[in-house]
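A, B, C and D label the chains in the order they appear, each numbered from 1.
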Amino acid sequence: MNDPMAKPKEWFQGGSLVWPLLGLVALLAYDFLFVDGFFRLEVRDGHLYGTLVDILNQGSKTMLLALGMTLVIATGGVDLSVGSLMAISGALVAVLVTQTEMSLAMIVPIALAATALLGAFNGVLVSVAGIQPIVATLILMVGGRGIAMLITGGQIVTFEHAGMVYIGNGHFLGLPFTVTLVLVMLLVTSLLMRKTACGLFVEAVGDNETASRFSGVSTRSVKLAVYGFSGICAGLAGLIAASNIKAADSSRVGEMMELDAIFAVVVGGTALTGGRFNLLGSIIGALLIQTLTTTMITQGVPPAIAPVPKAIVIVAVCLLQSEKFRAEIGGRFGRRASA
Amino acid sequence: MRRFIPVFATFAVLIALFATASGMYERFFTARVIANLFSDNAFLGITAIGMTFVILSGGIDLSVGAVLAFTMTFIASMITDHSWHPLVAIPTALIIGTVFGGTMGFLIQRYELPPFLVTLAGMFFARGMAFMVSSESISIEHDFYTALQDLKIVVGPKAKLKIGAVIFLAVLALAIFVAHWTPFGRNIYAIGGNESSARLMGLPVASTKMLIYALNGFCSALAGAVATLYMGSGNPAMGVGLELDAIAAVVIGGTLLTGGVGFVAGTLGGVLIFGTIQSALIFDGRLNSWWLRIAISVLLLIFILLQRQLSRFTKTSRT
Amino acid sequence: MADALLALREIRKEFPGVVALDKVDFNLHAGEVHAVMGENGAGKSTLIKVITGVYPRDAGSMELDGKSLHPRSTLEAEAAGISTVYQEVNLVGTLSVAENILLGRQPRKFGIIRWDETRRLAEKALARLGLELDLSRQLDSCSMAIQQMVAIARALDINARVLILDEPTSSLDEQETAALFKVMRQLRDEGLAILFVTHFLDQVHEISDRITVLRNGALVGEYKTVELTRMQLIGKMLGREPEALQDKSTGSKWAAETRDEILRGEGIGRKGSVHPLDLSVRRGEVVGLGGLLGSGRTETARLLFGIDAPDSGRVQIDGQAKSLNHPRKAIANGLAFCSEDRKGEGIIPNLSLRENLILAMQASRGPVRLLPSAEQEQLCAHYIDALNIKTPNAATPICNLSGGNQQKVLLARWLAMQPRLIILDEPARGIDVGAKAEIEKLVRSLREKGMAVVFISSELEEVVHTCDRVAVMRDRRKVGELSGEEITEQRIMDLMAHHE
Amino acid sequence: KPESTTTTAPAPSKAAPTGESTLVVGFAQVGAESSWRTAETQSIKEEAAERGVELKFSDAQGKQENQIKAVNGFIAQGVDAIILAPVVETGWEQVLKDAKDAEIPVILVDRGLKVSDDSLYATLIASDFVAEGRMAGEWLAKKTEGKASIIELQGTPGSAPAIDRKKGFADALKEHEGMKIIASQSGDFRRSGGKEVTEALLKVHGDKVTAIYAHNDDMALGAIQAIEEAGKKPGTDILIVSIDGVRGAFEAMVKGTLNCTVECSPLLGPLAFDAVEKAIALDEQPKKTIVEDQVFDQSMAEAVIDSRRY
């Protein structure tokens, strides 16, 4: 396949972090110039305090979701159910924390196991039953929220459990604990992907599933694993979300977050068609979208029309990444059509 | 013939579903319920048809719900607040929708941007614009409009097809024709099947792709117009999540998200399966909010699996 | 000679890390068949893609009929009268055979496609190549050869002044090649200019009037075919004197009966694909599968490798019954399968050469024990050298390699596994003469070490030359088996064409 | 105190089911997006069970189109009456006409509709969202003596309560020069939304903020957490007033972190079914019943918290 257009949708090789980073920097530059106190950082009670810290903390959920989503997308799939899985893990934890004597060391694994299992269920639908990913995960997106509401009886279950509260509100090394959580997950995932053959298999399956299967890769297990992993990430994000507000809001938590996560992944350089992926890029993408949200809140953009600037930023970042666009604008990139 | 199996499977599933519901609920198997199925799902159906083309070409469009909302609000606002005549307001809205879709198509095609992101931006943009036109829902007061709304075809005892349903069916017929008997339609299939090949085969890939999104923008706007006829108002918050319903309907109808494979007629089946599940659950009325969600998903799952199983029957040896 | 219809001057094309074409001149005249020859990666396909506007050229000029030519897409090239069959079949697999032939040019009335007319025209286009196919069949479900024929039929059907064929015959058998040549001659006589690329030297001499040879992206020269002997041609392509390329030894004839049976299939078959057949392969033996297009050779290979599950019969490996229902199991039992469909079933396009090469090996090691990178590098270095793979480095995405080099990487993927039985389905597809000899040598040496080979090829000569035993297939049924001295082209052809 | 057309939400009736053939009533609910909403659903379900009415429940997941489908479904099914909690005010004309043609009375709960013809529905039992917003504003004005810098946490853009509660609050503020809304953002009626928005705005506006007005309690509860994390005392450093009167709000008031909530009672079941019965019997009834809203502040919280049912 030595022709340049065999993958026209491929938009740039997963690898270049320059463009999403540039988008993020541009946005931050805007904030620096126009938003008072955006960069103000102070130390309070031994930890950093400021808008930037909030962005890290609030963005942690999207970052975690984006980690799992990256792998799913790399296999050529997509996971719409992450928001509902967040609700389920939050609901489970809230109910277990308030109604049983179990320790957190038991509860958290239970919640994560549950979401991992449900994620794997997505994987089964996709790889064994052969249902298309969007629809397969749509099923759990609708039903999962039902399950979460079933667990909490449709109520908002509040808790005061110190350990649970710490996850989303505590501080570690002067930064929100969630930052550590994200970093650990990123590190573990990166190691798993680059120091074992998992990354190779994920990319191979996403790039050419048939050829991978013929080479002896167990495409089914790969898919089961990535959806399960996405479930775990969603579970963790759910824990943070619940901990953040010290409550499980099973009917609302995580709504629309799947779109944010997918956005983060794609902006970060992983093509929706599967194949090469870029974990760090997804994290940057998630930061970008959180910075945007926070900027709009602080800038007082009327909420009803807040989507408009969001749309503009998305398109701008996309165009920035488009080689063709850069060529057209820059001119000096020459007439070299992108390969 | 083999190519049609998934469509047959879809309709077989629909019939099975309908029969089950009819057995379970009194008054379900009536002309009225069937007519309602078309009237209530007309605007979903129209967006799903547009979406079918997009998906056949290997793309996706997340903006449909928001464009529908914008169109509704625009039409309502123009008629009620600015006293435009409906016959001016509706075509204007359709043109705006088409241009909007075409613009997204342009970005996707020209700069090779991922459709997912561009249409996501389109969704945000259109939603924001809908709220900019009006932050509240507006009712449409115009005699001509009321007259339009009252147009209906009586198809049985207490059963009537409202104007929306009629438009839906007309669009469906037209779409089937376009998909199968015009070069444009075939080019869509070719692009979805293998875009690089389509390009090397010398097909007009660029213009076709732009047209597809323009067409879908038109369909979304038309769906918006139909929705105003359905409800007599414009609501900027309407159609949240409609894109997912539309995509689901298309896929249940046997179209592959990878592009190139599927039928417009299948989409009708998908929409009706969706609508029937909803109707059946309304007839049941015993489930609370969470069981309702669980039931919808379980039913969807069952019928998707059934559809797949049926269409697998005759799978050719090589896949 | 009159002015050239298509004239290229000092064309240059560079890819990151590779100069694919450097100051290449090329003249194509009306009424000639002009062969472009060169090793894998010499730049033939790139030259073609520059002509048709797939790649913009970096420097140089092109003229068509005296007017300067600047196509920016194939659409424009086609409008200028250039019709092309690319090296990799570029058709839409999800559409029917008939549509693929006429896509974009369907006969219509008031803008409405006339399907009956479409089918009639498609039928006609195929008939010209002596082909009769089920027109409504989805192209995907047809074998590579048929796909290639359809692509050719499509290109011939376009009213063009220049016809470009990039390795059109790579998976065709002799009959179809003959049919194609007949049409080519006819078109040439009608005044068409035909650019033809192939690695089959016989074909070059049979059909072409002139030859342009490329080496490493540079022009070696333009010659009249009649003035260039086969050996000279090879010399020009390789840039050195051809040594004993035609190592005539047919390998050691193994005393087959004394060898252990590695694989034994009894009555294996699958409804709708192959009729139950017996097949056994012994250690150190090369078993050929002969047959015409669509005779079921590939299908048989797929059954053996567990891609399609057989629904009758049983398979024994080393005398033990095994159920091979997934390639993974087949691989675990020492089998390997090099598919004929390089693009669809072989390469992982965006991954690097290295990742493509180690994929099968890594898959059998499981996800945890990553092959140490030193070992990976060593493997790559070894095979890049052994198979003479032309690439900037092992990290290059495989989709940037030329077709033949991709094929070599895939072979390396399997050879690295040191399988006990390898199934090679058209392994020589798109491989240059030098490489072909290399691969043959390699296979022989592996056989020496006891590897068994199932060999599928449309080139009878190659089959005769390589195989210890040949199972001949017709209509997806095994119709006979030849061994030892019985293996001659004539005998195989007789069996294939059903006089027993 | 109550005016003739206003009433406080009564306790559920204990009347035994009547022995006649059971009534079938369809209830087209918006969704289950907040604790207030689930309390309303609960109230109607309990009352139906209490009266032996067969209730057909439909959850529209927040979408008007689904609600219309539900009403159409109820009509096709031939229910005796329909209770509708409309998600927005317009767009009901057609489906209500169909109901009327089928002679099925429609009882609207919790907000009114804009229809050209009043006879399309039997009666409306509703809270006055504008009044709620006004009451919250007036309370805050009194408490701060007309001087405040306020952050407003809006509900979901486009939803009727968000629009009306914003309007009412703004009305109340008109009379007080010193009261300014310095920022107004949507928290989407969510606890997490309330927290995120407050968190961000406190960073920007710092010590200027003296009060927060939230369109529902959930957002206020989120805001309280954000204030605490910013090292301030909610309820003292920053006054917080919200609407709905869910249990969590009362608990917060007892703790002193919330200052005031305006009750908007979701316990409409008994009233709704009274109206249903009257409508079926074709009895006279007022076209509109406003459920009176009550302002609760910290001083009353302790006393009433145990009697809160949602």
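Odds and ends about this structure:
By our rule, a residue touches a chain if its C-beta (ideal position, glycine included) is under 8 Å from a C-beta of that chain, and two chains touch if they have at least 3 such contacts.
Source: prediction; values computed, not measured.
When the interfaces A-D and B-D are ranked by C-beta pairs in contact, the top one is B-D. The centroid of the Cα atoms in chain A and the matching centroid in chain D are 34 Å apart. Rounded to whole angstrom, the centroid-to-centroid distance between chain B and chain D, based on C-alpha atoms, equals 33 Å.
Taking each chain's centre as the average of its CA atoms, chain A and chain C sit 43 Å apart. Note on chain placement: the centre of chain A and the centre of chain B lie 29 Å apart, centres being C-alpha means. Within chain C, residues 54, 86, 90 each touch two or more of the remaining chains. Under the contact definition stated at the top, the residues of chain D that touch 2 or more other chains are 31-32, 38, 157-158. Across the assembly, chain B contributes residues 131, 135, 196, 199-200, 236, 288-290, 292-293 that each touch 2 or more other chains. Pairs of chains meeting the touch criterion are A-B, A-C, A-D, B-C, B-D.
Remark: chain A residues 35-38, 40, 44-45, 49-51, 54, 58, 149, 154-156, 158, 169, 241, 244-247, 249, 251-253, 293-294, 297-298, 300, 302-304, 306 touch chain D in the complex. Listed in rising order, the residues of chain D touching chain B in the complex are 26, 29, 31-32, 38, 41, 45, 55-59, 61-66, 68-70, 72-74, 76-78, 88-95, 102, 114-116, 156-160, 163.
Contacts from chain B toward chain A in the complex involve residues 58, 62, 107, 110-114, 116-118, 120-125, 127-129, 131-132, 135, 195-196, 199-200, 236, 244, 247-248, 251-252, 256-257, 288-298, 300-301, 304-305, 308. Those residues of chain C lying in contact with chain B across their complex are 54, 73-75, 77-78, 84, 86, 90-95, 99, 103-104, 106, 108, 111-113, 115, 138, 140-141, 154, 270, 272-273, 299, 308. Chain B contributes residues 25-27, 30, 32-33, 36, 39-40, 43-44, 131, 135-139, 141, 149, 158, 162, 227, 230-241, 275, 278-279, 281-290, 292-293 to its touches with chain D in the complex.
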